[in-house]
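Following this line, the structures themselves.
One chain, chain A, appears in both complexes that follow, with chain B as partner in the first and chain C in the second.
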Partner chain A sequence: MNQAQLAAGSRVIIWLRRLRVMTQKEILQLSRDKVLLFLVLYAFSADIYNAGSGVTLQLKRAATAVHDLDHSFASRELMGRFQPPHFSIIGEVANEAAGLQLLDRGTAMAVIAFPPQFQRDLLRGRTVTVQMQVDATNSVLGFLASSYASEIVGEYSLEAGMKRAGLSPGAQLQAPVVLNDYRVWFNPNQRDDWFMSISELLNVITAFAILLPAAALVREKERGTIEQLLVSPLTAFQVLFPKIISMTAVILAATAISVFGILQPLFEVPLRGSLMLFFAVTMLYVFCIAGLGLFIGTVTRNLSQASMLAILTLAPMMFLSGVWTPPEAMPALVRYAMYISPLHYYVDASYAILLKGAGINVIGHSLVGIVLLGGLLFGLGLWRFRSQFA
Partner chain B sequence: MNLRRTVAVAHKEVREIIRDRLFFSLAFIVPAVLMVLFGYGLSLDVEKLPLAIIDRDGTSMSREYAHRFIDSRYFDFKGYSFSERDLEQPITDNLIRAAIVIPEHFQKDLLQGRPAHIQTFIDGTFPFRALTAKGYAIAINAQITADSLASYLAQTSGMSVAEAAAVFQPVKLEVRYLFNQSLKSIWSLAPKLIMVILMISPPFLTALGVVREKETGSIYNIYASTLSRGEYLVGKSVPYIVISTLNVLFLWWMATGLFGAPFKGSFVFFLLSSVLYVTCTTGIGVVVSVLVRTQVAAMIGTAIFTMVPAVLYSGVLIPISSLSRSAKLVAYLLPGMYYTNIVMGTFLKGVGFSALWRDVLVLLIYAMLLFSIGYAFFRKRPNS
Partner chain C sequence: MGETQVVAGCSHSVEADRIPAVIRVSALRKEYGKQSAIAGISLEVQKGEIYGLIGPDGAGKSSLMKIVAGVLTFDAGEIEVFGVSLNSDSNAERIKDRIGFMPQGLGLNLYPDLSIEENIDFFANLRLVQSSQLTARKQKLLEMTHLEAFRARPMKQLSGGMKQKLGLICSLIHEPKLLVLDEPTTGVDPVSRRDFWAILGVLLKEHGTTALVSTAYMDEATRFHRVALLFGGQVVAQGAPEEIQQLVPARIVAITIPSPAVALSRLRAEFPQIEALGSLLQVFVEDKAGLDARARVVRVLGDVKPARVETMDPQLEDVFIALLRIKKLTTEPDRTSTLPAAPVSNPTQPKTPYAIEAKELVRDFGGFKAVNKVSFRVAPGEIFGLLGANGAGKTTVIKMLTGILPPTAGSGSVAGADMQTAGRKIKERIGYMSQAFSLYLDLTVEENIKLYAGIYGLPASVARERFRWVVQMAGLEGRESKAAQSLPMGLRQRLALGCALVHRPQILFLDEPTSGVDPVGRRRFWEILFTLAREEGVAILVTTHYMNEAEHCDHLALMFAGRVVADASPSDMKSEVERQSGKLVEIDAVHTSAALDLLVKAGFKGSVLFGSRIHVFSKDVPGDTERIKAALSEDPARSILPRSLTMEDVFVERVMALEQAVETTKNGAVS
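This part shows the complex of A and B:
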């Protein structure tokens, strides 16, 4: 080995050693803030558990009142079909005003009204109308209530019609009806806890990946310790990169805790795909999004500014990640804003790996999205940092 | 409590806020931007669901069946070209979220008076979306079944199609949506957005207030001064409550002007209870600030304890009634739920103090409790 090679070799060794020392410093700093560590643990365990176990977006035992002006066998029979799990009858009201009052107070979610002579008209072959008033303060549940009610009434109506047409209801199989067989893939029982716990995990990862680096950088600026680092022989990259390495390590460890401690044992999330792939994608994502945190850190002078800027980016990312509103339902402008959010790609990739069992070939384009956007953000953060201090 | 000293603290705080130009402008920009983004982007209406149809029958009736879905605004038809074997691929890839398979003999079965079978596949990754999509599909399918029965009966019995249709639909359900008659989600969303944005933004404004002085050491000026704890905390929070109240007005204007949400209640009542609400959320920031030692912990703590619950437990995306017991507890512990009743009441229902006094009372107690906690834990003589 000649002189030049030796020199180059030792330069690499020194470079790596500096990186290691700085990484150790960052990890030490993180581990000394006990409140912070508690927050990490809380967010990745109790918070995710609460989100997963706490939410059901299904219509469960919607309180339904009846306003029955007929009191006939037919009206009671139809009413009897409004059963749990979707509905539960809470009783009868004497008049319309009483029904409205129940809706006003939120005691009832729906009131169903039968007209007088419901049974007689039905038997005489007239079309009768049943009215349903739904509290649609919450649009999703309002829709589901009316949708299930239509299904129940439709079925009853069809049976009554068949009877009248001389076909016995059991003879449905002999009539030209269209039977639709529904199969829901990947989450056959529509378990909300699978969906919610994964969504919450991804949100928590995002929050920490942006906030931790931004805070770490701004704190050094505020305290002036950044000047010490800059007069040392470290390059800008060597100052920034260890921050990201250490925080990625902390976030990945916490993610492992919540996947193996919460998602798998408590919610039985199927974890169909390769966990290696999931953690690799997560690492890549955290790296990238940390670039955004660093960028925030460079444009702000104190933590108050940084935290306002952080929620300006974080809150839209969380609300508009595509989990709640699918991209196809957003107006074009907001949709484009969503396409530049790395979380959108990470959400797609994570659900695909964990629930759908997708491999790297399927999530390819999400991966490209994460890498491109992340690379851009990271480069931007580094460039801002350099131009500010070097 | 000495008013002059309190005003002096508030005055100093205002100076500090206004001199920090970026922070000062962000205090107003953040709520407005969030309102625009959420107002336009957040919608729980399931519409334009990407759908593929595999028509293996290829007859006029199967095409008519397909067209009922294609023409519906709830579905966005992506083509016939998918093959049944690898339907899983485009669904995994999010290219489509539902697929309908029409088997061979579809037309033949129906014409001969036999039931025809259809298969529908729905992506269940996001359960509430899958449920809604299933609801749409069931409704469309029921309509087609009724039509098919009617035309069959018309053929066999000699009735007209309209008469036959009446036979098969003797009972109709007429649904009226109350409080939000068009089921336009922006109407119910806009008032709730005011609640959620004012749950996120004020705590972040104040959370760093006290702890920053602790970290920089300027708090020793306070320790050494004649200021009492109460004067300091109140003086410190008032400017932020004023900023948030201005934001309330601005957000109210956006909700009614920009998004066209109806406002049926009393504006004075709305404004007063809103001031109470932002006092509560500002108080959360104050408490965090008093309890933690470092700014980083304050910032992240506020994010975890306000932003995350704001997404999940505030009733914006998920109705409170759909929460389990433990999650409901979180919802009851946050001021957002009570304020939701107030905004929904004043915006959509047009009810006032007589119907909402309980919520106002809870907010009042809440605010007093928060400031008492802040008062109890803020020591002018720190232990260490």
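This part shows the complex of A and C:
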């Protein structure tokens, strides 16, 4: 080796040494911040458990009141079909006003009214009407209640028609009928907790990937230590990148706790794809989104400003992630905005790996999205940092 | 505590005994968890007095002031304000409308986005000042503080000194009977500081207001009628500044010896309190009956012959340190040696005749010239002081020299590297320590040092060696695994210095490195700086607001409005001012304000109030002494004596002259 090679070699060693001590410093600092550590642990365990077990998008035991003016065998029979899990009858009301009152108060979610002579008209072959009033304040649940109800009533009506035609319920149908034979893939029991816990995990990862680096940078500004780093021979990259490395490591560790401590044992999420691939994608994603955190850290002066800005950034990112609404259902303009939300790509990739067992060939386009957006964000953070302090 | 009581007793004048004390504190205690903030303080403040609380950070000043203002509860003891015992919240409420309180921190109680006038109006409305009174008072206070022209300027755009003046107005707007000011002059430059004291003095005199004021600057003690020296939540001494001075009767013997090592070891055996500033040793010699201080020092020195020997009166700070030493109150671990020997692995850096050389440096921010053609040179081994008011451009110069900020024009070299092009090289060769100390407080001593060793790319073996060196230098033995935030300020400061020195730079930049550190720690810090400079040839560039520290520098550059307006050694600067304005004469008058009026009428236009004394510049001392005597013939002064200039006098004199020159040219341009 000649002199120049030696010099170049020692430069590389010094470069790596700087990166190493700065990364160690960040991890040490985080480990000393007990409040922050608790928050990370809480968010990656209890918070995800709550979201998975508590939040549901299904209609469960909707409180239903009955206003029965017929009190016949038929009305009771139909009423008896409004059963858990979807419905639960909470009692009978004497008049229409009492039913409305229950709806107003929120005590009942639906009121079913049977007209007088319901049974007589049904047996005579006339068309009868059952009225259902639904509280659709929560539009999804309201919609579900009305469609389940119409399914129940439709079935009863078909049976009543068959009975009148002299056919027993089990008899061969002479009329042409189309049977809907559907298959539920990826989540056969349609368990909300799978969907919800994964979605919450992705949100928590995003929140901390933004907040931790932003807080780490702002803390240095508040304490004035950034000044000391700037007069040292560190480059902007050497100041910022260790924050990203260390925060990514912390988030990956927390994600592992969440996956192996909550998702798998408590919710039995199948984890069909390669976990290696999932963690690799997560690492890439956190790396990238941390650039956004650093950018926030450079434009704010203190921790409260930084967290405020982080929350304001997070809200639209989650809204545009496609977790709640697929892109196709969004207005055109917002649909294009979704393409610049890195969370959108990460959500696609994560569900694909964890629930569908997809490999890298399927999620390729999502990866490209993450890398492009992330590189842009990190570059932006680096540029802001340089222009602010140089 | 016995000695303290005696001191408290002797300062009561006959007149004061008849009037009930405004503040009476006895055996007061306050604890924060296990930490004791106030450990049994007793003192009394009389009506019309400016009472000073002096002591380093953590002495208990702020806690005491908050308790007096009725915003903090206490654990034991008694406190009466205006004769009302503050033992309940409702009693505390009763006195609040008679108190004006200004908490610590520049403009911390003000609203940054409101203008000067809006801030004043807000506090006036809060205090239910009638609008008719408000207009007149506001006008008068704004005129006095020279803030009139900036009425509509938002508070956040004011300089430190202006913020403190606005804070003063806001706490005075309801004409309180007692004013409580917590470190109103910390972080404020000497000119603004002197201005602040002058305004305060006049306003208090006018209304007979009493004031309780704290400060970290020992040399401000002469501003107060009486002071209490606090340390570790206890009163070390109290009384008039002159009385405290006499508690430890002593002389300072200053000797100059080119190589002081032997002399120092001999003297240390005999005299426990020596300040070693390179070749200058200041020995604190307590009076012993019939023995001459100078002769004693010369005898101890034996065959070591000093180049120069001088004797002088000790400063209050010397006495404070002596009192702490006698009472064995200190946060400092016992001194081992001045500085451990330098580790062998000293990187060789290019030798240049000048460590720092700045040529016509200019820096513009938009249309504003922050630094305008600044040139100076710092030789290796020199301690160079950069002085100036807040906003004079000191920080911008340091930023350019440390390679953070590229200059707009001009050139310069630092440690043999060109400023314009080799910013990275400069950063590798310099050490830097800021006012904030820039330590990671949540990391331990060891982790901090090793972090900086890694940042400067030192290999592990060298890092270990430097770590031991820093620990020894800073006196941190046994505290290696303590978190930095658990250290007292003095140790924190030396740890920060150690981190800045871990790569053994040949140039050290120190930006206000001693704020908040107690006098003992501050002295030890300067001794280290001197050893670095003299024995290892490190060039040190330092900025400070402590003018007695400026006195230690080999060379000073005074900055004003982005330019260097004076560049000389401290003694040359003093003789320059004496040549221009004359010698300083101090008058100890019986009725200060009446005497001041008489002197101004008699033509001594530059007379200023300095605590309870009056200062006058005179080009003809014997003649002026007679003229002063004549002017004060009806009420003769206790003493009229010439006094040697301090660096603060020089600083204030020069900057005031420059400010006046700017005013005149401005006015000339207008008319």
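Couple of notes before you dig in:
Heads up, the rule we're going with is that the second predicted complex is superposed on the first by the 380 of 390 C-alpha atoms of A that agree within 3 Å, B and C clash if a C-alpha of one lies under 4 Å from a C-alpha of the other, contacts with A are read in each partner's own complex, and residues count from 1 in each chain.
Quick note on the criterion: a residue touches a chain if its C-beta (ideal position, glycine included) is under 8 Å from a C-beta of that chain, and two chains touch if they have at least 3 such contacts.
These figures come from a predicted structure and were not determined experimentally.
With both structures placed on the common chain, the touch criterion links A:360 to neither chain B nor chain C. Greater residue coverage of chain A by touch, when chain B is weighed against chain C, goes to B. Of the two partner chains, chain C is the only one touched by A:234; chain B is not.
When the shared chain is aligned, chain B comes close enough to touch A:178, but chain C does not. After overlaying the two complexes on the shared chain, residue contacts for A:256 are found with neither chain B nor chain C. In the superposed model, A:41 makes contact with neither chain B nor chain C. With both structures placed on the common chain, the touch criterion links A:33 to chain B and to chain C.
For the contact definition in use here, the residues of chain A common to its chain B contact set and its chain C contact set are 33. Considering their complex, residues 402-406, 424, 427-428, 430, 432, 434-436, 438-443, 447, 450-457, 459, 483, 499, 509 of chain C touch chain A. Interface residues of chain A, counted against chain C in their complex, comprise 14, 17-18, 20-22, 24-25, 28-29, 32-33, 223-225, 227-234, 389-390.
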